[in-house]
């Protein structure tokens, strides 16, 4: 039996496979298909301080080997989450990780303070990389000073494992990773979506109500993999990799590039079972390669 | 909510119904879950370089005896076209059952089902499943021209059919909402259901609303996941932005912001 | 008959379709398939001051809807080009545009000076965005000061139309575009490739000899399109768009987003006739939409 | 250089030769250009979501009378697998003719053709096209085991065949370079040609070089374009980094940096 246990600082996962925020609802929808306790963690959909309706329809456009989304953090706000959703999901036997969003540093602090009180939330993923909101979001994640500012403040009120989710829409992602590491982030997760755009040539209009949206899926995998490798070589904290992972081979590539764990996003739309299949596929890979523990492949790329 | 599944089906029929709509029958090895009119399946399109996401299609017919489901597929773009080209004996991977179906009519109801194109599929399923007498079910079917009409004689036993075409080549000339059944007798019905082009559904809804008649429509918003996790398919409603894939695709028109 | 004539400052193209540098050799290879005079322009493969062997094999990896390359500007140097290649191609009845590269500002200047002497080279594309060389290349294109420095110097010695080719590996591409516009660039072309990476999970090695390489093809189209739109809205000079264009619809999308002309790169590997088919497709589109001139669709996206 | 083309071919045969190699015959509507042993075609793989670029394959047989070309395709990954699954009657899009072929032998030559797996294809084409008497052509074919061998009896008239298998289940046991023909009689040949796994070609090349025998090999470097524009397929040679797709795929081993 190979050992799939993965540690993100103090947080222990039964395996390195998580779902990505915004692609797996509040875990309940996946639990309609299978027992989510098969997964290392489920990232909950992005939460903000107040109710957000999100952006107008259409919010989605298919692209070559990928998709654009412009959901814009639709959610009912942190209080609704705590009162109505958390009680329903808190006993799932997996790690639930909250994805915290804000338009201002104060927003981030307040949401974090509230989530921090919930015993069955294992960790907080600080999303400073949402490209689909007018204020805040990605704006925090594309410059070092703002990334530092928000991480610094949130760290003070967050006693749980703190993961900072990075934007790929930057010149030097390693620099941002180092900056948030310096503020006490326990881990960085990357990448969020790439800012992209799609057009209906016949109608001469954008396909998204917001004109631009976030690109995800296999199309972005080569860039995401490169970024994970760069960040892994720049920081000491564990890296969580994602971006276009569709199968176990993809997941293993991210781990070889330096990811301690992976998140699976858009693939879930293709097939909600993919995260579970990836767990099996990693186990199988380790057995075939006669490795005892999944930690042995983390950063094991031979250059 | 019943457990959802990802399941392979075998294509056992794939044939044109008219110049743009196909009938596709799929068979499973195992028992089917309960499926209701208005529910849909999400299909992984094989062997197509340019289609990334699944494509949703309403359930048209279900046979629990031989574990088959049938669809009516209209060729709209790359994915639907590919579906109609895949040969018998090949496998399709489906996510099902998805969405909430129509509110089934009561024994006392007299219903009008308004459909167009592939929007026929859930209307015919509903007619069959309604449990009403033929006289209680009127189906008003619209199309551009005679050649675009899907005529399925075996459904004659489930209701009375009325036809409209834009060019008058079959049934009455004009839109469904200009059809005599709709214009003059709408108030005869206790429930109106519609599925088809958005413009048609909006016109039907407006009339039903103004006459205070119960009316449900089935929306076809663009979907990424089909099971409620992506929030891409939302429709603004009186209860906020709701997912068409889980809170719909069937909505009471009173809840919509049309 | 619709009018396909396109102007990039003083440079007149018979149609807005060019090939992209590094994907169409020195025009001769395409001319083996068809008469290159059908095209608006052919971008010649990147030229440097001295002979460059390029990077080691393997230089290529296929990815989802795209590919990575790590060619590294293999070429025999500008003098060889002038002596041996230019005489063979100079009479093609299309616009030949030289793609100029360097490790230092001095390199860029010297290559430009030499190319500037060649009467049948219509324009110079200053490549400050090659991700596959250790020195220079992209390093110049990812910061405003260095982009300004090299454009400023090259402009002084370049009397031909000067196009600056931008890197997408930046936080704010519009800022760089404005910076080079300020130095007298006549046009900007974008995007060059995205820095990416691919791994052989079984062998645990990178698929490219250089570990990272440049991602091109349909995978990047949504991001490239967004960047063209951002740059179009930021500068006054004509924008040349590229990144994953595979057919006329893609090309028209770039033009609607603001590109005056387009370049076709990786698509040529799939089918060398694609650039020609795009010319026909654009003509057909204009006729269907009852437009007289291709210039009417430039930036015609309705927001 | 002859004009290059992008052309559709019809698949008229597609059948297994052994457990991993397929024989695929393609027919064109129009006359074929001249094609030489060692040249290749670049094939667009249809109906496969995961293959983006074309895949190169050596020309095995050409028939100018019925405008057919044949290939031997070994299943290596996604693209080659898909090719072997595409049914007769479907269309494949090819770029051709690509690359430079082998230096054809002179009338006085005695040649040894060393092939392995799908590397047989250009060797058999060369044997046929050489114009030499059967006695002047020796073909030494290697494989892992008997079941991996491709035996094409109709080629017996073009040369004498010798076989080697790693496990001794067919012909002599061992690598081709350990075969008696190779070990003891290499100096009998005036020209040696090889196509197959890199290790095999390198071993053959080393021996031929040491004995100063003319030797050409056909390389299979990864390609993006296949016609000289991308510079991805380069091979280091005494003349610098050369494109395998235009300056090769056939190289004289003296020019290679092996």
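Each chain carries a letter (A, B, C and D) given by its place in the written order, and its residues are counted from 1.
Please note the rule applied: contacts are C-beta pairs under 8 Å (C-beta built on N, C-alpha and C of every residue); 3 or more make two chains touch, one makes a residue touch a chain.
This is a predicted model, so every value here is computed, not measured.
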When each step joins two chains that touch, the fewest steps from subunit A to subunit C total 1
Can you name the chain that lies farthest from subunit A, using the mean of each chain's Cα atoms as its centre? D
CA centre of subunit A versus CA centre of subunit B: separation in Å? 36
What's the distance between the Cα centroids of subunit B and subunit D, rounded to whole Å? 55
Between subunit A and subunit D, tell me the centre distance in angstrom, where each centre is the average of that chain's C-alpha atoms. 48
Mark out which residues of subunit A touch at least two other chains, giving numbers and ranges. 63-66, 217
Mark out which residues of subunit D touch at least two other chains, giving numbers and ranges. 51
By the document's touch definition, which label belongs to this structure's chain graph: line, ring, star, complete, or other? ring
Judged by the touch rule stated earlier, which pairs of chains are there in contact? A-B, A-C, B-D, C-D
Quick one: which bits of subunit A touch subunit B in the complex? Just the residue numbers, please. 22-25, 29-30, 32-33, 45, 53-54, 57-60, 62-67, 69, 71, 74, 217, 266, 268-273
Can you name the residues of subunit B that touch subunit A in the complex? 1, 3-6, 44, 50-54, 93, 95, 221-236, 240-241, 246
Using the touch definition up top, name the residues of subunit C that touch subunit A in the complex. 61, 63-66, 68, 142-143, 169-171, 194-199, 201, 204-206, 211-212, 215, 217-223, 225-226, 229, 244, 249, 252-253, 256-257, 285, 297, 300-303
So in the complex, which bits of subunit D are touching subunit B? 46-49, 51
